[in-house]
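Here it is: the structure, laid out below.
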Amino acid sequence: MIYLKAVLSLGLMGAVFGLALALAAKKFAIEQDPRQDRIVEVLPGANCGGCGFPGCSGLAAAIVAEKAPVDGCPVGGPAVAAKVAAIMGVEVGAAKERKVARVLCQGSSDNCGSRFVYDGLSDCKAAQLVDGGAKACVYGCLGLGSCVAACSFDALHMGPDGLPVVDEEECTSCGRCVAACPRGIIQLVPAAQSVTVLCRSYARGAEVRKTCKVGCIGCGLCVKVCPTGAVTVENNLAVIDPAKCDACGKCVEKCPTKCIVMKGAKASADALAAS
Amino acid sequence: MRDVLRLGFILFAICAVAAGALAFVNDITEERIAAQAAMKLEQALESVVPGAEEFRDETDRVLALKAAVSDGGRPEFPLINRVYVGYDNGEMVGTAFACTPSGYGGPIDAVVGVSRDGVVTGLTVVKHTETPGLGANITSRDFQMRFVGLRAGIPVKVTKDGGQVEAITGATISSRAVASAVDQALRLFELVTREGVW
Amino acid sequence: MSFRSELTKGLVRENPTFRILLGMCPTMATSLAISNGIGMGIAATFVLVGSNVIVSMLRNVIPSRIRIPCYIVVIASFVTMVDLIMAAFVPKLHEVLGIFIPLIVVNCIILARAEAFASKNGVLYSLADGIGMGLGFTLALTGLSAIRELLGTGTLLAVPDFGFPGFRIFDRSLAAVMVILPPGGFITLGLLIGLLNSLTRRKKKAAQT
Amino acid sequence: MGEILVIFFGGVLLNNFILSRFLGICPFIGVSKQVETATGMGMAVVFVMGVASVVTWMVEHYILMPLGLGYLRTIAFILVIAALVQLVEMVIQKVSPVLYKALGIYLPLITTNCAVLGVAILNITEKYNLLEAAVNGIAGASGFTLAIVLFAAIRERMDLAPIPESLKGFPMALITAGLMSIAFLGFVGFRLKELFGVM
Amino acid sequence: MDGTGLIVSSSPHQRAAVSTPVIMSDVILALMPAALAGVWFFGLRALAMMVVCVAAAVGTEAGLEKLMKKPVTIEDYSAAVAGFLLALVLPPDLPLWMGAIGAAFAMAIAKFIFGGLGQNIFNPALIGRAVLLASWPVFMTRWRWPIFQAPWIPDFDAVSSATPLALWKLNGIKTPYLNLFLGNVAGSIGETSALAILVGAAYLLWRGHISWRIPVSFIGTVAVLTALFGQDPVFHVLAGGLLLGAFFMATDYVTSPVTPKGQIVFGVGCGVLTVFIRLYGGYPEGVCYAILIMNAAAALIDRLTVPRKFGEVKKVA
Amino acid sequence: MATMVAKTFRGGVHAHYHKEDTASKPIRRLPPPARVVIPLHQHTGAPCEPLVKVGDEVKVGQKIGDSSARLTAPVHASVSGKVVGISLHPQSGGRDVLSVIIESDGKETLDEHVEPRTDVDHLSADEIKAVIREAGIVGLGGAAFPTYFKLTPPPGKSFDTVILNGAECEPYLSADHRLMVERPGDIVDGARLLLKATGVNRAYIGIEENKPDAIEAISKAVKGDDRISVVPLKVKYPQGAEKQLIWAILGREVPSGGLPVDVGVVVNNVGTAAAVRDAVFSGMPLVERVVTVAGSCIAEPQNVVVKVGMLVSDLIEACGGYSAPPAKVIIGGPMMGVAQFTTDIPVTKGTSGVLLLSKDEAAPCDAMPCVRCGKCVEACSMRLMPLWIASYAEAGRFDDAERMNALDCIECGCCSFICPSRRRLVQAIRLAKSEIMARRRRAQAK
């Protein structure tokens, strides 16, 4: 008897609530794509905003709404894109080339001086607003480290010479440092690109020579020596087309101000060979 | 709709099984628990009313009387739960009041023993959740002895409130709670005596 | 995934209190003395293991809409069982733990493990997970209790309700009562988690370089 | 009226669920990043705890006690609460997607908010009548709301502070709650009954 | 290559003379009368307490900063101020090591881990005091009479260790105004002499370091409320830690609201809580807890009292 | 008039004024420099196109640059001589601006357009405005907003009051003060022209109380014209900021994001009024202005009348050169002026002062953590919460900075001035404003 009372009363309560919940579930049913939650689970969860949406859940919502591509997460790379694609049931295009951030300036305090003594916030954008920044070269790195502060992957550090250094292994190409730089000195380049022009100055050669020891003077020597026609000079600045460059290193040798450099695997192999 | 019924049924089934299992466990433990509680109560009662060999639960009688004399509003003795009268050879030797005052950490279960002539004969704390090292000292014999010998007719209060009982240092609230329980026990005793119940 | 790794992960790597940060309420409320901590830990472990196993067995039967009520019913059943059994057979210990036993129901660890692990894994692994997590919880609780008991009362391993005064380390009048008051619970646990965080960070850094 | 005020202020200030009873810590720390969401969560808890107090009180007094099924209290109460919370969740999701989004995953956490079960059990052990139980539930929840909103405002400020890396987040939340709890020690021993003339 | 070598910064190029370290050292200066009164009434023991608390506070801050490899900031005097204030709100006979623990806890837990100067939520000195009171209530409620006897107490021995507020609350004995004003009563080291505190407060007000809003609303609320409750407002203003708290603790920049309206709300809140704790609370004195509770509310008050910006369209309700 | 209670606004700071060196000395007219560099963009609005070529001979007052844009102001030659170059030249604030460089012939030949007008009383409002536009007059207080544009209310709005700003609350500067003392009649004539141009018959001239001689002189000059009254103002910075001035004099609050015209008011500097008078009465365009040269590093601090285009380095030379090597060179006042890294920049229409501060005055200081004293909140003349805007800006949380009304900041500098922790509040708020505006532009572009 005592058993029956217990079983029945609690069982009935269970049944009542079960029914109520089930009914409510019907009545208050809401359309939400279950894929969204699954995509959020797959995404890295850093909420870095590199995709251009407010956080990972924002991107997930956009992907589900087909307002963003399945490979919209620059941090996750192809691995995440594949998983997202599986959830969305679409094929990913050719895997995107991995990109890394590169600092296109060598104007350390030794190479490029300053126009005045800056007294203010340690923030590049704020410094840029004060008489256009203290750096002698108006295109050069201000060196206050806003990009370092912006990086949430510990991939950027301030070097001893006052220039930021990218740890290309850690870099996820989220693009936050690019957005943090008031002078567009940091750019995302294909990780495979080994020859880079480390200068952003559009100033004429004579002016560059006045302000910086390692700036591009637009002399065009590199254009002349390049066997594949990958180098051009636009607006007094050498530009390398990564598609044509075969990393032969001739321009690097010829450059009078040493503003074209070899980076990455090739560079270390060469260094090894030289030693 | 079938789906709805299905959900209801599953929850029903799980609840039913759970209830059954619990009823079973309850069945086999109930007696033991009751026996444990009874034993514990017995011990507590004996410790506060020395000399009694038998206790009778006379709560209902006392409460009926209390209802008769009070105006029927809120209970006048909210802290008193049960009243046990101790007898020795059929003669009343004292009364034990089970009280539950609120301490610092929650309710305190205490039993207060009062002799026939209205003197506190013993106090014991059965259960409490006071702060160890401070309020928990209400279980210490030293503290409990401070109440023994107090008489009905004089309000029981801690010294901080102008009374006669020294509170435990740093644990005024717990002490105050116990004092209030003793106070109510004595007042109820006085009322009952005045009405000539025993 | 192996039985063994599921068993040990709860101890340190995924310790429910220090790493996953679950079950804070009972952790702080009961960690006043080592005896409380161990008793609570064992009771919680029992419930955790039982509910993990049952939930894992029922995982394919329970519809997702009502899974939370179902899990809770299962958990509550085990809690009530523990409550009744302890009251009957170890009344002293039952008294020591008092009101904290029914509150095991709402210990987030248990529901979280049911939801996050047992509902997705087989019975064996769920069993291991339950034991591991339970032990981890007990470990954390014991550690925290030890600190609070020592600083707050000056003793270690005291079980007053059994008449055992414990080992007195320093005089009671010098003990900092605040440590066993609510603020002490918050602050001690916060500092302890912070300390473990900084140790892990240091380790990670050391491993990197 | 005095009794009701005593219960209410007792629940909000003296026996604050978070700061002196350790009930409801998980949502307290989880949903306190912004004042707006904290307020929303607080409101949800007030509603749930008020209703839960009434329903569990009725379950106790109309089903369990008459049938002598006291040992089923825990399980019955938690069942009621779980179902109730889920209902509330569904309703909010339908009625106010904004609120739902803000509270996000924390709504289900109200289920495991020990405060709700705690208040239901306290209502019974304190022998409250129906009205007192309802007030106690709302008071406990208001205390929760007070603590969480104050804490959220503090936390917004702490967001900009250079806090040591390993203490960031959870540990800091606990420590701040601890300091708030120290401040609330000021209410210990407060004679509410005297203030409201209930002796 | 520093170009012209000229300094360029964003405007403004002119700054007011008062700096944070100057304010802090002025606070120390303003506390001197109260500290001297404490030494006068309670002897060199009081001085020892001040030295220990200041040393512990400064040492803790410097030590932690060294440990965490952060710049050492003891030269802003804020640690010294906190230690000094803590000593002034402790009983003169508290064991010195307890004072040191209070100061260390205050600096480490209430200030340093919150991010140091300017980031703490609660007044460190008051946290130190509250922690000591919660930890060692016995030691923290043991008072001593100053050099003079207390002739207004009929049965002197029975209550030889009570502050005026406790005497009034528990025994109904009211200490004469003059003794309260001069400070010849039992109490914390720096809180007994209203005269000394007012001298220091006047200096801070004259220097413009504190505004009138918090002290006036705080003390005013206490006076009005106690009068409403049929108490003696003058006694309540002079007794206990109200004046010290209102002028030196509640006005702490970091832990009080920044908006003018918020400061008044803060002061009124402190006043209300103080009176309620004094009249109905478990402690004779409520200033410390009242301020701590309002500290917890300061961030919210700030949020709710953002001034109406100039030119904001007045909304018609 | 003397019994009138000085008016003011809420907030603000009391700064050390440092005006004693220059305020008592009469304005000195400097001889024309050998060479001037006249930027084609000295004003708010579109830059001018050059109207001359290299090699052209120009005369004083000859228009050398203009634009067809709606919001612009033409520029005129300030000396007679030969155009030797039209090229980029640095201007205040580190910008390079296309400038016309003229080698003076020292003859000061006037352009034929410059001749006194005899029919002033018969000019219509539109004719006056046309004269003002052609004369290239802009606000001389510092912002250099084209005056004719200001005087034309946008459709649907109208003026009922003209205010002349003689507050001159910036420390060090005394150019307006001297002008009011020396040419009160011209200023009042200018005020009358502005009344006519806007069709209004109520004008106030607000002057801070610390210039009793100016108040007296102007009061004397307005006697008999009851349309114009002089209003003494309390000495407090930024008393001369447009919105604060309107509030102090009229009790009207310019709505957030709005302009004085929204409350029916047009505010002009007293110097602008004098320039308007000159343009209308003598036909002389704006080619020179009064500049305060001050600071502890200038040998002869004083107010001088300077040709627009004169290089600051030449100006310093003409004032006796440095008395000590300056650490900071500021164009404008110390509160809102712009620090320069070179003196190779021209004086423009908006240059109210040149300050040379010593190392002690300009010493860079380390910012300490904010102690939340709330002094910046009390001092903010726009009643904002500078500490919050700045903290959010420094943390890169610009949305939050916007929510705290960063865009309402007028950059008066009171918060940074008063901050005991020496925080760079204004710079951080500027950063926030520029980022918020950049985001808005990006959002619009999308």
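Should a chain be cited, it is by its letter among A, B, C, D, E and F, assigned in written order, with residues numbered from 1 in that chain.
In the analysis below, contacts are C-beta pairs under 8 Å (C-beta built on N, C-alpha and C of every residue); 3 or more make two chains touch, one makes a residue touch a chain.
Here the structure is a predicted model, which is why all the values come from computation and not from measurement.
Chemist: Determine the shortest chain-contact distance, in steps, between chain C and chain F.
Modeler: The distance in steps between these two chains is 2.
Chemist: If you average the CA coordinates per chain, which chain's centre is most distant from that of chain B?
Modeler: Most remote chain from chain B, centroid-wise, comes out as F.
Chemist: Please tell me whether B-C or E-F has the greater number of C-beta pairs in contact.
Modeler: Contact tally favours E-F.
Chemist: When the centre of a chain is set as the mean of its C-alpha atoms, what distance in Å lies between chain C and chain D?
Modeler: 22
Chemist: Taking the mean of the C-alpha atoms as each chain's centre, how many Å separate chain A from chain C?
Modeler: 43
Chemist: Roughly how far is chain C from chain E, going centre to centre by Cα mean, in whole Å?
Modeler: Result: the chain centres lie 40 Å from each other.
Chemist: Report the inter-chain centroid distance for chain A and chain E in whole angstrom, where each centroid is the mean of the CA atoms.
Modeler: Between these chains, centre-to-centre, one finds 50 Å.
Chemist: Which positions in chain E are in touch with at least two other chains?
Modeler: Answer for chain E, listing residues that touch two or more other chains: 3-4, 6-10, 109, 113, 115-116, 119, 131, 134, 137-138, 282.
Chemist: What parts of chain C, by residue number, touch at least two of the other chains?
Modeler: 65-66, 69, 73, 76-77, 80, 84, 99, 177-178, 181, 183, 187, 191, 194
Chemist: Mind pulling the residue numbers of chain A that touch at least two other chains?
Modeler: In chain A, 2, 6, 9-10, 13-14, 17-18, 21-22, 25, 115-117, 119-120, 126, 129-131, 134 touch at least two other chains.
Chemist: Using the touch definition from the top, list the residues of chain F that touch chain E in their complex.
Modeler: 13, 15-16, 171, 243, 247, 253-258, 326-330, 334-342, 355, 357, 361-362, 364-365, 368-374, 377-378, 381-385, 387, 404-405, 408, 411, 413, 416-422, 424, 426-427, 430
Chemist: Tell me, which parts of chain E touch chain D in their complex?
Modeler: Interface residues on the chain E side: 68, 109-110, 113-116, 119, 121-122, 127, 130-131, 134, 273, 276-277, 279-283, 286, 288-290, 292-293, 295-297, 299-300, 302-303.
Chemist: Using the touch definition from the top, list the residues of chain E that touch chain B in their complex.
Modeler: Within the complex, chain E contacts chain B at residues 137-138, 170-171, 282.
Chemist: Report the residues of chain C in contact with chain D in the complex, numbered from low to high.
Modeler: Per the stated touch rule, the residues are 21-22, 24-26, 28-29, 66, 68-69, 72-73, 75-77, 79-80, 83-84, 99, 102-103, 105-108, 111, 178, 181-187, 189-191, 193-195, 197-198, 201.
Chemist: Over in the complex, which chain D residues touch chain B? Could you list them?
Modeler: Those in contact with chain B are residues 71-72, 75, 79, 125-126, 188-189.
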